[in-house]
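The structure follows.
Chain nomenclature is as follows: A, B, C, D and E, assigned in order of appearance, with residue numbering initiated at 1 for each chain independently.
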């Protein structure tokens, strides 16, 4: 029942904030902050309870399970359940969502001044939908939450964005929706293939797992679903929506976009594509990994080429998520763990980078690197934090990203793709290029424009402190995170290996 | 006492944290206390640990202190553990002691600089990560220290960030070292996937058991590790960054680019010596790289006008010597040379710092002169260090350590006549540019008047270093001079003994004699060229050939220009043309096509009734035809 | 005409009676309120009597030699109920809308009632005669309704265009019917079905030709691809409530008949007809979505989107599996609600002299009139097929039906074109949420009745989107009776 | 049917429409006669009613068009486009 | 018998073609009436005397009279001729003619199939038609009356004099036409007439 509470708290918080905003705007902010923090505490409590020994419920590898009747069409035999379930993977993802949720509320404390109520409604709606995506186990419910995620995000960008927000919002919407519909078609094809085999319509994840599929059909379905998720996790050829959406979204928007929406793509691949179509994924793996590496290198080079700060950080996400995709498709223990750790680390480090750029934009009203420069003198603390997170996103050992990337590269190497590992490592090298360029252009160098801006306010320090702690903690002692993910990863491995083929240890 | 091992890296780390967060608020006096104080404490602890290590050597010659398991992923479980054995002990002692002296020196050198606390924070972080590198129990922890050290060198080189040139030099240093690090990480992957562990000791055992000598995998791993080492220690392919790294404050050059960081590569190869023993080709590659680098750097050093750049090239060539030693199998000789080099090179840099400060931040040696009288202490200490570098026989530490390496270059298993000749010619070059430097700055008529005399804080460390530069040599003397093997015996437990090969053409005495000859020749040439008749220099560099050679050597054998053309330009070009992300244009094209379709379709909505009727009729005709034609 | 027949025909009788009462009332004394009230009362009474008629269902009326003219089965009654409900909504919206016009207002209600009767006959017809009569009653009433506001040039133009083109397509339809009658000698769907399935008919060309001609009639009325050119002009020209009626009820009734005709005569199995319908569906989806891309007249956008939506429903229609008819019926229910909502908002917003159909009228609506803005957003989201709205589940159901019967090419085309469809829905959404232009004249006061109706529709959209279970059961019951 | 497409005068369009409907009526009667059933003629009567209704509304529209534009050219009334 | 049928058919088609090409509206109307009469003859030949009578009375009689009345009302006569000529340039004829030809070809192909029974099975007396009308098609008749009611109200509304623009009263003509057709339900027809007066 606690799972339903996770979602209900967020949505009700949003509505309350919208209503409260009628009278005074600060109340709206406090309500949404309270809602997200409540959720965060819930997830932490869940984590504490379940990280000890991951024991499974009878019906599959779930820690907590909630199942209720939703749409039942007796005649046609279709019965769709409101089936929420949580395992190690979704537990961590929900925790990340709540953490970044708190951050996004805090950062938009001063930045969003008009229509605050509606803003918080959308914010809470997105978070609720994302939690829904992470918990949904019934494919229809998953697709329902997946599509629900888009609308509030669209509003967030379209109403509170910057100059070209309409273009960016529409582009974002169409990109994701197009592939989302492809995913719908493949889900339905799977359901009907299952119907042919067993005569019953079901959207249950557990039942659909072992539907006998012909090789060609399985590949097509897998491709449809893969595209649906690959667009969200900006895979190389499908990524152009990301830079626009990021540059135009308000700070909270791009924080959630980078921190969470990209993860839903990766989560989808892990939860649905690999287990549901084992052989097809195996055949598709080399192609996916090459695309991932292309994404890493291309993302890094493009980040290097940008002059707009937010676009630079956006392209870094393309590069980092390339690693996650690489890890997922290397399909062995290290790569999967690496993918998860780098997902969380990326959420924290890129999220903070966006908040930093947001602060910078709030103070200097510009994102163009050429007009910035020499800020270290005027705002040493903020620049120091920027340096810290830039190093993080560069994959400096001792911080979260490195652990993830190292494990992913190790896994890829172990899976026998030597060429890909070299290319990916070159990608890491390029990441140094853009990280240092970011530091050099924005903070070092002469103070050409005589910026006189005030340094970090206590509220902002409150935001960055936990993020620094989490990133460091992930870098130095990622063990609790890895242990929680272990059972879920075991289940995914076991599902996604075709019967008879030993897991590539 | 060994239990306090974790304190050694922890202290500078704590220093970094306090200075980073509370630095700006502390007074200069407090910062001056915390910065060097922390490193002093760390030095004291390391000496005490060294004492207890000597007195009661732990079983098996090494002590492991496990802190916590870093990560445990299905078979890959690196731990945060510190590993102490003679090799890391020596390195640790040198780093902490020399580090403290340099900290003490920079309290005064950086006195009037506004980023005072920031400087010490970075320096403490550097010492901490260097110690983590040295004491790292597994290669991953070593890699953590490795990158940390790279980061600090970037921060310190770009310390005076207001000048973009410093920024560019710092970024160049970081990129090139990062290239090396990537090669090394690939090596790590290879090692782990093949041998199943990254814990250094088990790695060495596994490598020995599983790989027969000359196995391709071992060679690949060795070469990759060599790549990493070259990146960090500025060896042949990746040495372009060190000369530019001189843009940082002089104490950093002294600490990082002379004494400690650049020798990290040497430590890495020494630590993973089993891999190189298993694959002779990799070992020979190390020797070849060492020999080539020491020659090239030697030539370039002769043509530099900036005192610090000349010292930088000399560092590269000295590390070339160490790589040569490692290449031929004389492991302890390399470490011995590292120790002595750390002392006199740090001293040379500090001396150069004093000189630059004295001549109002003047870097060019040709504009200095005759500082002998104004800065007597600096002159004497500088001269001792110079002689030690050049290898003044019998008295200086440099002579012993370099002599040993040159002898091993010939005598040891991997040695050969060619290597020996290269080493000797290198020694000649070394003495030429060392004495060139001494004569230009300290002798001849004074061109610049001295602005600032070095205070006590600068003089004392310099004097201590001078003492070590002279004395440190007697720990390991060659056969015919008392045959003291204190150092190599001590290293015995960590590194294998250098084995003599049969059929030697010449004795150790002969090689030492030749080295002495080279030293004297270099001294003479330097004296003749740079003190007696300065006019002679123009006669060499005037003719077009000489001019070309001069410019070629000056620009580090054209490597800078080559790398720029090969890597940097294409990247900038691609960045410029592709700013708009050409994949985006593909989607824009799709949008344009749909827009065109819309325009076409809109034109069908003419609004005229008869056109609508015509379309309906046409539709009917089409469908009737279709219905008739289609098979039932 | 036995007693059961009469009870079965009760809804028809009540609607005709209401029409006459309004006629006489207006003759006695012109009062808008009375006319409106009687209409609404009549329609609700008819809706109330549906269970009574259902008790007697299924009744085939006029079942002597020539076969039943009208059959009142679960399916027919379901659609009649749907039509009556929609007409009540249209009537209420029209009341608010006409209140602001100086034109004679009472005739509209008579025409509306006649049109409703026509569509009811269509929904329940199972014979060519009742088919053509129902169609013509509906169309003739619509001609006058389109041209109702006589002082507006565009209304007149819409009326003329609609009349001429409808008459022409009716002529083709009649000719097609004549050919099929000539071949089979009977005009009743069930008899035709019997003979067609038997395959006894010698002259295949005659039947195929006849069917093709009839398709023109269907195509015109449902505004499918090649015959869609009239739709945007009539939607824009006609007053908003009339457009709402045309877009929803007339199309719904026609599709009900199409479904009954083709599923009973199983003519769809003829490959020729299947191919024709597939081509029509494809072209209407493409044309519908593409034409609306850069439109900035709201009514024209909704016109084109309704073309596209009819294309989607046709896809479900072609998916003849067990899910096909259900998907079609459910989609029509969702489509009714959404279209009525969208046009309802336009009707409520339009001042006296012209319809508020330009995008500028909707500019920043959400910030000026939050309730209306939210309702319009709901309608647009449902049209686009975003979750938590009826449109989403409807589209989901169609794709499911398509997937079950394996017509993959059409499904993929549906997906691709609906993405293009997103674009223009978003364009309108952007306008609704952008900064309101100060110059926008204050929107007329929201009449209470229309407000209630719109709110009700909004609730229905969300309810269908989140808990479609209840409605799905009734749909399945209705469709079960179709396959007698 | 040709008149419908060619003539711009609304009146002529209406007349050609009448011809088309009449043709359909003829087809029905012939079909009915062919089968010897009275249904054809019954249908014909209904077609008459339909035609009459159409003509009635059509001519009303003609009058309106004439009063508004003083001409019967149907292309005058084509503001709705695009 | 055959000759008469073909002759009537030729007259009908010829008259319609003539109707199309006339500039003068009245001439066109007269040709149309002629073609309708020809069709009536064909009906008679096919053994549908009642239909033929109806065709003459209702179609040719009432509807065409209506047309004539409107033409007279708007006195289109010769004056409009000039305009019409401009509109009938040969090129305008080309496309529709081709389409008409294709459609005609299709229909001929359809009709040429084996299925059609050519010979009329015999005369269908009006009494049978009446029985059919009031047997199964009773509802049809009722609906037809509603249809005419709708048309009546629509025409009345559209035809009513606009407030500002001058206009002649034309609506009373329709009522009797609608009335006569529906035949059976005189009661309703009566009520139409009263409403018309208002």
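Rule of thumb we're sticking to: contacts are C-beta pairs under 8 Å (C-beta built on N, C-alpha and C of every residue); 3 or more make two chains touch, one makes a residue touch a chain.
What you are looking at is a predicted structure, and each value in this text was computed from that prediction instead of being measured.
Least step count on the touch graph, chain A to chain E: 2.
Of all chain pairs, the one linked by the largest number of contacting C-beta pairs is D-E.
Taking the mean of each chain's C-alpha atoms, the chain whose centre lies closest to the overall C-alpha mean is A.
Each chain gets one centre point, the mean of its Cα atoms, and the points for chain A and chain D are 64 Å apart.
Computed centre separation for the pair chain A/chain B is 38 angstrom, with centres defined by C-alpha atoms.
Centroid to centroid, with C-alpha atoms defining each point, chain B and chain C lie 79 Å apart.
Look at where the CA atoms of chain C average out and do the same for chain E: the two points lie 30 Å apart. Residue positions 602, 605, 607, 609, 613-614, 617-618, 620, 624, 628 of chain B each touch two or more of the other chains.
In chain C, the positions touching at least two other chains are 66, 129, 133, 136, 140, 143-144, 147, 150, 159-161, 164, 168, 179, 182, 204-205, 209, 232-233. Among all residues of chain A, none touch two or more other chains.
Chain pairs that touch one another, listed by label: A-B, A-C, B-C, B-D, B-E, C-D, C-E, D-E. The part of chain D that touches chain C in the complex is made up of residues 1, 4, 10, 13-14, 17, 20-21, 23-25, 27-28, 30-32, 34-35, 37, 39-40, 42-43, 46-47, 50, 53-54, 57-58, 60-61, 64-65, 68, 74, 77-82. Residues 106-107, 109-111, 113-116, 132, 135-140, 142-144, 146-147, 149-151, 153-158, 160, 162-163, 188, 191, 194-195, 198 of chain E are the ones that touch chain C when the two sit in their complex.
Within the complex, the chain D residues that touch chain B are 1, 4-6, 8, 13, 74-75, 77-82. Every residue of chain E that touches chain B in the complex is listed here, in rising order: 95-96, 99, 102-103, 106, 109-110.
Per the touch definition, chain B reaches chain A in the complex via residues 20, 24, 68-76, 80, 140, 143-144, 146-148, 151, 154, 158, 161-164, 167, 171, 174-175, 178-179, 182, 185-186, 189-190, 192-193, 571, 574-576, 578-579, 581, 583-584, 587.
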